[in-house]
Each structure stands twice: as structure tokens, then as C-alpha cells.
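Each in C-alpha cells, the structures are laid out below.
What follows is a pair of complexes built around chain A, which joins chain B in one and chain C in the other.
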Partner chain A sequence: MAATHARPGRRPASASDQRTVMECRDLTVHFDTPNGRISAVNGISFDLQRGECLGIVGESGSGKSQTFLAILGLLASNGHASGSVKLHGEEILNVSRRRLDAIRGEKLAIVFQDSITGLTPHKRIGEQLSEVLTQHRGLGRGAARAKVLEMLELVRIPEAEKRYRMYPHEFSGGMRQRVMVAQALLCQPDVLIADEPTTALDVTVQAQILKLFKGLADHTNTALVMITHDLGVVAGLCDEVMVMYGGRVVEHAPVDELFYAPRHPYTRGLLACMPRADRDSEELTAIPGQPPDLEALPPGCAFAPRCPYAFGRCELERPILETAQPGHLKACHLEELP
Partner chain B sequence: MTRRLLQVENLRVHFPVGGGLFSGPRMLKAVDDVSFSLGPAETLGVVGESGCGKSSLGRAVLQLIPPTAGRVIWQGEDLCRLDADAMNVKRSELQLVFQDPLASLNPRMSVGAILREPLYSFEPGIARSEAEDRAASMMRRVGLRPEMMNRYPNEFSGGQCQRISIARAMISRPRLVVCDEPVSALDVSIQAQIIALLRELQAEYEVSYIFISHDLSVVRHLCHRIMVLYLGKLMEIGPKREIFDTPRHPYTQSLLSAVPIPDPRQARQREQKLIEGDLPSPLNPPSGCVFRTRCPHATPLCLKATPALESTGSEAHQVACHYWQDITRDTHTEKPTGE
Partner chain C sequence: MFSFVSRRLAVALPTLLVVIAGSFFLMRAAPGGPFDADAQLEPEVIENLRAAYDLDKPVTEQFMLYMARLLRGDFGPSITYADYTVTELLAIGLPVSVKLGLTAIVVALLFGCLMGIISALNRNRWIDYVTMSIAMTGFAVPAFVVAPVLTLVFGLYLKLLPISGWNDGALQNMVLPVIALALPQIAILSRLTRGSMLEVMRQNYIRTARAKGLPEYKVVAGHALKAVSLPLVSYLGPAIAGIMTGSVIIEQIFGLPGMGRYFIQGALNRDYPLVMGTVIVYATAIILLNLLADVIYGYLDPRVRRE
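Showing the complex of A and B:
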């Protein structure tokens, strides 16, 4: 089942194979809690191509962060992941700690929302960044320093030489986030995962960081995964978008199709409830109700209780993610949205 | 000009910061010489980046932090000159809704008790049964079932807690509610619900809002007029349509240009005028125009002279920039907007 819906059909298989950096199949994450087992992510599959930007959109509890924490081997200790994630054909899910450390440094990198906890407070910026290179790439100190300075300039840190000797707390939030991006890019990773990287930033600084990511997609082969709740961020940056709800993918489509011809009622609802700064939106159509409680997911479609089009079948039978048209997947019993 | 409910004149909020062995404390000018007015059933949006003084402004208007200078005239009376008791009487008319819905509710009080408390303090003689009835009808009004009255805040979701906060603010029938980032902590689908609720309540109770937000999309949807702050200074104020369609201040222009737009085609076509760099330290703001260090149009004049707020032609639209007329001319030839 996984294989049929994993790769949107619009690319011929042979050509895509060389470009594919990551293949995720049927990834499932659950947590053992005192109240029983909570399943946070269910059967996620996707491919990531070189230089592509994939957006992951969802509200709190949708599983968008846990999916990628699982891929990075960073789940909390009561979390368990199953399925398969291959990076250049090599299985990376549930591999040894040592192998994971090597992969994380070289091929996979992450930028978190909270840049102050992502940096070690008592080490100078230059020291912690060059450490990445001396450890993972075996560079000498001088070479590492030169590379770090180059990277700090790339992310537009002014006076990089001076900043190299400063501590994280001496940087502003936007500057720290840029340092995080520089750190993530040092080893030229194949995949960069950005988890709400601009949510804590002011809008002017957010725009600077997004521009940086955009340049990255255009100038390097790094594939970018942008996890966000903000459809505005996705629109300006991503090629493909996966919309998650209640731990599952409900829609996966190229960015234009997702915005202009959504096939899932939740996606449509999200688009209709967002106010816009570039035009007057008289009435917003709010999605009624609350995001689902993962401890008590309904047996059918998780969105059914909030869906304006739900009918009998939606409450009983969970829709599977299937191709609505080439390259466009949706999990909804409705053939067409009314 | 509409009737004025609130008139704020030359408001300043300065905080002493630090001060060491050899130096006195320095002054952080959180709000510096800000004036505006507000009419009944009007919503004024206050926007700006973190540290621009928007929250301090809201709190100073409500006298929750004492203004350093200036006047806050509420229905003809200067709130800054009232003593604590007289101010407490006024509080039934002046309420506040916070950003963090759970943290702003007392975890040890049931929702019913939270809603009844303002009634007991503002209407001391009120009967318990009446307070209960009014709490129940307020709960219904904000979309919560009155049966949930005996539950505690931790049993509610973020969106529901924000409804409770709004109910608590509204139950004393205030004329002005300061909303400090009321939807920022909520999921997108819940944001729209709360925005709709605020609009309904305004139509029903004719309440005015000072709506503090960093989210320009939400502000555009909800506000009638908008005020842009930068490092405690008023940069531009005007009717919503003029601020969004013909922003005059370079800072307003770059703020608008930085907002992500959920429309891929427009996002690709759009030419963003991004400002470089970060916010300067508010402890050591630039001389002259505070925005000059990030402004693409800055000249030596901006370094020396602080621009005064001047009218742009329409009375209500004012801007503090030496060069707004030149900038306006440039942008008009450059950028015809679609739609």
C-alpha cells in the first residue's frame, strides 16, 4: 500500500530515482504513556528530491514535528518509530546511536524554532560551529575557522570575525537563528529540516530568514523540509506541500495545486480561515470545533467531526491516502469537493 | 470626527534599567511621546516588532503601569490623576485580554468563579443567583456550555481558555478592551473562531478595542485604524485602508512587504522591500529618526532631526518621516498592485 501512494505519479520512476535523497515509507510513531499507547504519526510516506523544498503544514498535535524527530532519531524516550526511512538508499530509522551521529552531522541537519536552546550557552559561537567540522569532517582548526567564517558571511552575519568570538546570548533572536542555519549548513547536508524556524521571530526578520532558505534551495542541492503552521511561509518557499491532521497526511500536492485546487476539506478550511495582509477578507470561515485529541481519535476520518461535508461513511471508515490526480494525493471519501 | 471615548496625549512610559556601581540607571523609553484617540465601537490596531512598546502602551492606557508623563483622557477624565480607588471603579469599563490564555486564568478557580469575580468586585451588592445567571449567559455568549462552569482552566483547550478570558473581560460590560496578542498562541483554525467572536461582541456591545498584534493579516481583518510603533515612537497612524494600500512610512512599507502571503503566484511575483539588520537596542536608540539605521532612504538630516508627526493630506492619516512625500512619489511609479 505504501509504495502505491508514496511517490506522486507525475515523475517517471527512473529519472526520480537518481534525484531522490530520502524515501520515507509507512513511518509510524507511538508513545507509551501511563494512560496507554498514543499514536502520534500513522503511515507517513514521501520522497524528497535534491534541491526540493517540501512543506509540512498542520496544527498542534498533527504529528508534523514528531514525524521528523523520529527520522532524526530524536524522539522522547517513550517514543517508538517503525516503518522505513532511507537516505541515499541507506536505512536510517532505528539504527545505532553511533551511525546516527555520523548521519546527523553530515547528511541530515535540523534548525529548531528556539534558537537559544539550540546553541550551547557557554561556548563561543566560532568554537561550537568549527567543532562540527573538526569532528565530522576531520578538518584542522584553521581550515574549520575559515569555513565557519565563510558560512557566517553566507547567512549575512555582519562582522563575522568579531561575532566568531562572541557567545550566543550576545546575539539577537534573528541573528541566532541565522547562526543556527549556518551551523546546519556547515557540512552541506543532503537534507535540512527546519521546524518552525521563523515562528518566534519578528516579521521583518522572518522575511530575511525565509529569503535565506529560498536562496539555499536555488543555489545548493540541499533538500529542505519546512515544518510550519503558516501557509504564507509555505506559499513563498515550497515546491510540494503535505498537510497533516491527527497524525496522518490528508493531502499531498504541488504548492500551486494545493492553494488553488485543494482536494481535502481541511486544506480548504485552512485556506478560508486565514486573514490576508494583501487584501480585504470580509468574512473568515472558521473551522468549527477543536483539533483532535490523539488519545481519543474517532474510528473514521479524524476531521469528520469538524467537516462540513461529512456523511455516514466518514464516521465509520478511515479514508486512505490515494491519488486524486497525478501528483496529487488526498485522504477523503468525497470524489470532488462540493 | 467621531465622538472620542479615549484621548491619549504625549504618553511616555520610561523604565529605569540597570545602574551599576559607577553609573545611575539608564532609561528605557518603552513608549515615547505617543498620542492618539479612539472612538466608540472602534478598533485600533497597534503593530510593530517586539520591543516596540506596544504592550507597554496598552498597559499604560489602563494604568496597569504608571505612565511617566502624558495624559490618558477617558470620557473627559484624566486617568493618570485618579487615585487607586477611583481607578478601580473605572476598571469595570476598561478591561484586558492577554496572549497566553492558560497563564492568565487562575488555575485554582473554577471557570464560574473566574467569571463571577469581576461582578462581585464591580457590583458589590449583587446576589449570587444573579451573578451565576450572568456568568452562565456570558459563557453561552462566547460559545461555551454553561454546564462546564464548575471545571477548572486546565480542563480546557487553548481556544476555550481564550473564550473564558474574553468572557471574563466582557462580563462587566466594558467600553474598552485592550487585547494584547489574543490570538497569537492559538492554532490557525482556532484563531479565526476567536477573531469572529471579538467582532460579534463588538457589534453587540459597542465595545472599543485596542488590538495589539504583530500579525498584520489579523490586524487588517479586525481593525478600523492602525498605529505603527517602532522603538517606542509612533511612526504612522491612519485608517486601515490607507495604511495597507498607501503606506507612507518606509517602516510601514517594509513591514507590509515582509508579511508572508498565502498565495504562491503572488508570492513569486512580489518584489519584497526587506529591511536589513535587527532592531537596535531600545536602551540606546539611534539619534534623530529612530528608524534611520535600517531605513533605505536615510540621509544626514535623519541623523540630526527627529521627524514630527505630520498629516498626509487626509486628516486621520499621519506619518513621522522627513521624506514621506519623496518616497510616495517613488513607490507610485514603481508598483501598481493587482486586485
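Showing the complex of A and C:
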């Protein structure tokens, strides 16, 4: 356990540390289904610092989104979370709805992947945004409106006055996503979670949205969590990266170290999958095999069936997340990657 | 909005024309005539009567004559109720049917939505099963069974309510017919509401609303209800049609002097102008109310409005 508590990064953290915004310890999420129990997240721990950007990388089903939905109390009704999540030292996991409502949108905000279905279709954009301020700040209509217009301009929505009165379907995909970002930023949250915010957008728009996040990470104290499967996004934006596989963290390291000296075969596989223009290869690389079945996770390492370096021990004993070198955690039986 | 309504009205006119022509010729194609019941009349008398109502002319000419009269706003004389014009009979029957139908619709919407929302919020608990079983029964048992059972229990055994008659629309006379008329609609509306509510609460934008820190009542009232009501508004057209046709039977069972009563009397006696009059009023009402439902839908869903 000690190993998972050690925080990688520039300096050690503790609950008393003023820079630490959020501490997540041993977070576990499972879903009860008619076919049995599915464990989506298994004992995840991490800290978030003010102004830091943490990247969460993994395939679909690796538990990266469910981790943060659990923290926000937004799991599906058959989902259950356990462990501990503290925001400024105060427990926020499995607290009352009233308590959650005070935190969500105010201290803890999220930008979802799908802006098409993520905004209420029959409500004007202005109303959807200003209700965040009336709810949390008790602002009147006029004051909320002024603040919303200011925020819409900040995220570069042209003709904000006019757009304020429009409906989501009258916006383009990129503009809708910017509205989602504006909505999340209205109360200047301590933690902003971006759940694959650029996946549904085309490349040029992606770049604009990422620039928006980049500016945010550089100029505010908001801790940013960037959930993505795009390592390119991570490289350009994040300070640290957490790689997830089968509901567990397999590697956690500062971004440069992860890219230049990955310690887990899965991370290396992911890096190899990135198409590169500077290399003269004809084919795209892929990690062979399928993501693990969460209903029946193997007793050993979940990645072992797909791992090119797996040996006997990997299938029998699950590797724990341990410090490979200061600030760099990995969960692999191999001391060094061959 | 104005162009939408006027375009829809332009389409409604040919529809109405088809309905008029269809029922006119179908009525004439049915065997029998208006004077068959009066067996004791002399053949010459019948000839004279037929001539008086233009029934001796070819059917197409009769149709032309009828249409010409209709364009002047005249529904013609009733044959059975010899002292009345059809317009006068409709003026007696329409208010009764409208009052009955509107009350039934309001009752159906009220109870249907309430039952559906309660069911959805208590999904898969006993209250959900009880409500949905009631709804299923209400849907499966036809009005002509429900109505006599209601009269039997509340009218004859318990002697709480009158078994028939209109009594100028007094409350105690309305209760049983309204229940019998609304019951199938309550059943359908509650199932629709339940399904719609469950569907909407699964949407991503509901999750977004919760993530903003809105309390649940604001999430439901501000972000869900409009979307929940959309399928209900779509069903409003068919529901109105169902209540109107149901009304024909219910008025007969409870002996209410509404349009449905005149329609059945007219059809049985081959009172051609009376049947045509009621059909035209029914068709116009259904077309207009469907249009109203579409306008409401457009108001609720901004994505439809612009198209």
C-alpha cells in the first residue's frame, strides 16, 4: 500500500500540503449486473496539485472515465464506489446528494466527450449556463447573464449576445464543446475533469479546444484532469500521466519520463501505436489481442495475455504498483523492459 | 409559425374533401334507405318523400347538390328528426360531446402522467408493478365492458351515481361516462409517460445537469420534463380521435344527447344528412386538434420549429 501512496512528481505531498487539491485513495468501482459483478476500477490512488495537469490514458473499458464519474457521484444506478476521495481534506465519496450538489459545478467540474447529447436540446444555451451561477453563486438574472457572456467570449464564441439566446442544435460541434468548457469554468473550479473532450471533433477544431485547455492549465490554478486515449494530447498538455489497464493503474510518471523511458510493456505498446510522420513505416502498429474481460479478470497481470514479455509469474501473481524510481510508479514484474 | 399553420390548413382541406366524398358514397352504397322502417307508407308517398330529399336523382348529382349546399354552410334537413335541420341537431349535440370529451382528455392526461411519473420514479418496485398492472387492465378491457360494469356497481348496487342521462351536464351524471371514456387513454398515457421518463433520465444531458450541481427537482423540472412530454403530445392526436370514437359508444350506453348519439341514430335510420353532418364535425375536430398538437410539439422542441 505504501507504494501506491507515494506520489510521483516533483515533490512529495501530504494532506497538509497546501498545493494538494484532491487526494484519491484506493478508489474501487463495481457494477452489479444480471450476469454478475463487473469490477471497473480496482484500487486507484492519486493526488492532484493546484495548477497541475494529470493525463489519464487507456483503452475503452480501462476504467478511466468511471473513476471520475464515481468521484463526481455520477455512476449509473447499479454502480458502487468505495475507497476515499478528499477535496481539500474533506471526504466527498458517497456523501449525500445535497453535499454533492454543493461541490459539483462549483469546486469540481467536468467537460464530457459528447457535446451533441451533453447539452439539453430544448433549453437555450444562455439559460443552461447561467443556471450554474444562480445555483452556486446566488446571482440574479442580469448578473449571471453578464458573467456568462464574459465566459463565452473567453472561450471565443463569436457574437456571444446572439448565441446566448440560441439552442444547442444551432451550434457547430466545436462551438458546442467550447460552450461545455465555458459551462465548466463558470465557477472557477478547483478541479476540472475533461473526459475525452476532443474525441468527437475534427482535427482543426481539436487543436482549438486543446489550446483552450492549455491556456487554462498555464494561467489558472485549476487542476486539470485530461482523460484521453490520445497520447499526442497528453504530450502537449500534461505534467503527469497515469496509464490505466483493466481498471488498474499500470504506470504513473511525469510526462517526459513516460514518453522517453516507459517502464510498462503496455505503455510501450501504446507509444508504438502512435503513428509517426518522421518514421518511414508502411503499417500502423497495434497491440495484439483484446482488452480484458472485466467480468473475469485473471488472477495475475491483466495485460499478461497480450504482453510480449510475459513469463510464468505474470499469469499467477498480480504485480503491485511500486516505485521504479523516484516519481515513477509501475505495476510490472519486470525490473527493466528488454 | 404562421406559414406552418397555413400550410397545414391547406393540406387539411383536401383531406376533409376526401372524408366527405368517401362517407357520402359509402352511405349511399349501404343497403336500405331512410324510409324502410315506415312500412305502412304508400309507394307514392315514399316516391314523393324521396323526391323532396333529392333521393330520386343520380348519386353524383346528389353529391353535387349536397356540396353546393355545404358551401353555403347548410348541412340540410334531418330526415328522422323531421322538424329539425342537421345544424340545429349538431348545436344540441356538440356542446354535450365537447364537454364530455374535454373532461375525459383532461382527466386522462392528469392521471396518465401522474401514474407514469410515479411508476418511472419507483421503477421495478411494487408501486410500479401495481400501477402498470392497472394500466394494462384498463387498456385490455374495452369500453363497452367497463361502462356496464361501472353502471352496475356504482349505479345499481351502491346507488351512488345515476346510471344514465345528461341532466345538463351535472357532475354526478358526468362521473361514470368520463371514467369509462378516459380509462383506456389513462392506460396508454401512463405507459407512454413511464417509458418516456425512463428514456429521458438516461440521457447524457441529464448527467450534465447533475454534474452542474443542480438538485434533482431542478434536473427533472428544468431539463427532463419538456422532453418527457414530447411523445405525449405526439399521442395527443390519436388520443383525441380515440376519445371521440369512444364517445360514440359511451353516449349510447349512458343515454347522453351528444353528437355520437345522433351519429348512431343517423346511421341506423339511414338519415344521410345527419350522418354527413356529424362526420364532417368529427373530421374537422380531429384535423384541427392534430394541428394544435403539432403546434405544441413545435413549441416544445426547438429543433422542429425551424423546419
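Please note the rule applied: the second predicted complex is superposed on the first by the 317 of 338 C-alpha atoms of A that agree within 3 Å, B and C clash if a C-alpha of one lies under 4 Å from a C-alpha of the other, contacts with A are read in each partner's own complex, and residues count from 1 in each chain.
Just so it is clear, a residue touches a chain if its C-beta (ideal position, glycine included) is under 8 Å from a C-beta of that chain, and two chains touch if they have at least 3 such contacts.
What you see is a predicted model; the values in this text were computed from it and never measured.
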In the superposition on chain A, see if there is space for chain B and chain C together, and answer fit or clash. fit
Is A:Val233 touching anything from chain B or chain C once the two structures are fitted on A? First, second, both or neither. first
Using the touch criterion from the header, give the chain among chain B and chain C with more contacted residues in chain A. B
Give one of first, second, both or neither to describe whether A:Gln183 is in contact with chain B, with chain C, with both, or with none. second
With both complexes superposed on chain A, which partner does A:Leu316 reach: first (chain B), second (chain C), both or neither? neither
Once the structures are superposed on A, label A:Val205 by its partner contacts, choosing first (chain B), second (chain C), both or neither. first
Going by the contact rule set out at the top, does A:Thr120 touch chain B (first), chain C (second), both, or neither? second
Touch test for A:Phe112: chain B only (first), chain C only (second), both, or neither? second
First (chain B), second (chain C), both or neither touched by A:Glu131: second
Of the two partner chains, chain B (first) and chain C (second), which one does A:Ala286 touch, if any: first, second, both, or neither? first
Closest CA approach of chain B to chain C after superposing, in angstrom, is 8
Kindly list the residues of chain A that each of chain B and chain C touches, one partner per complex. none
Within their complex, state which residues of chain A touch chain C. 72, 74, 97-98, 100-106, 109-110, 112, 114, 117-123, 131-132, 135-136, 167, 169, 180, 183
Footprint of chain B on chain A - complex, ascending: 59-60, 158, 172, 174-175, 202-208, 210-211, 229-236, 255-256, 259-260, 269-271, 273-281, 284-288, 290-291, 306
Can you list the chain C residues touching chain A in their complex? 203-205, 207-216, 218, 222-223, 226-227, 300-303
How about chain B: which of its residues touch chain A in the complex? 49-50, 157, 159-160, 187-193, 195-196, 214, 216-218, 220-222, 244, 254-268, 272, 274-279, 339
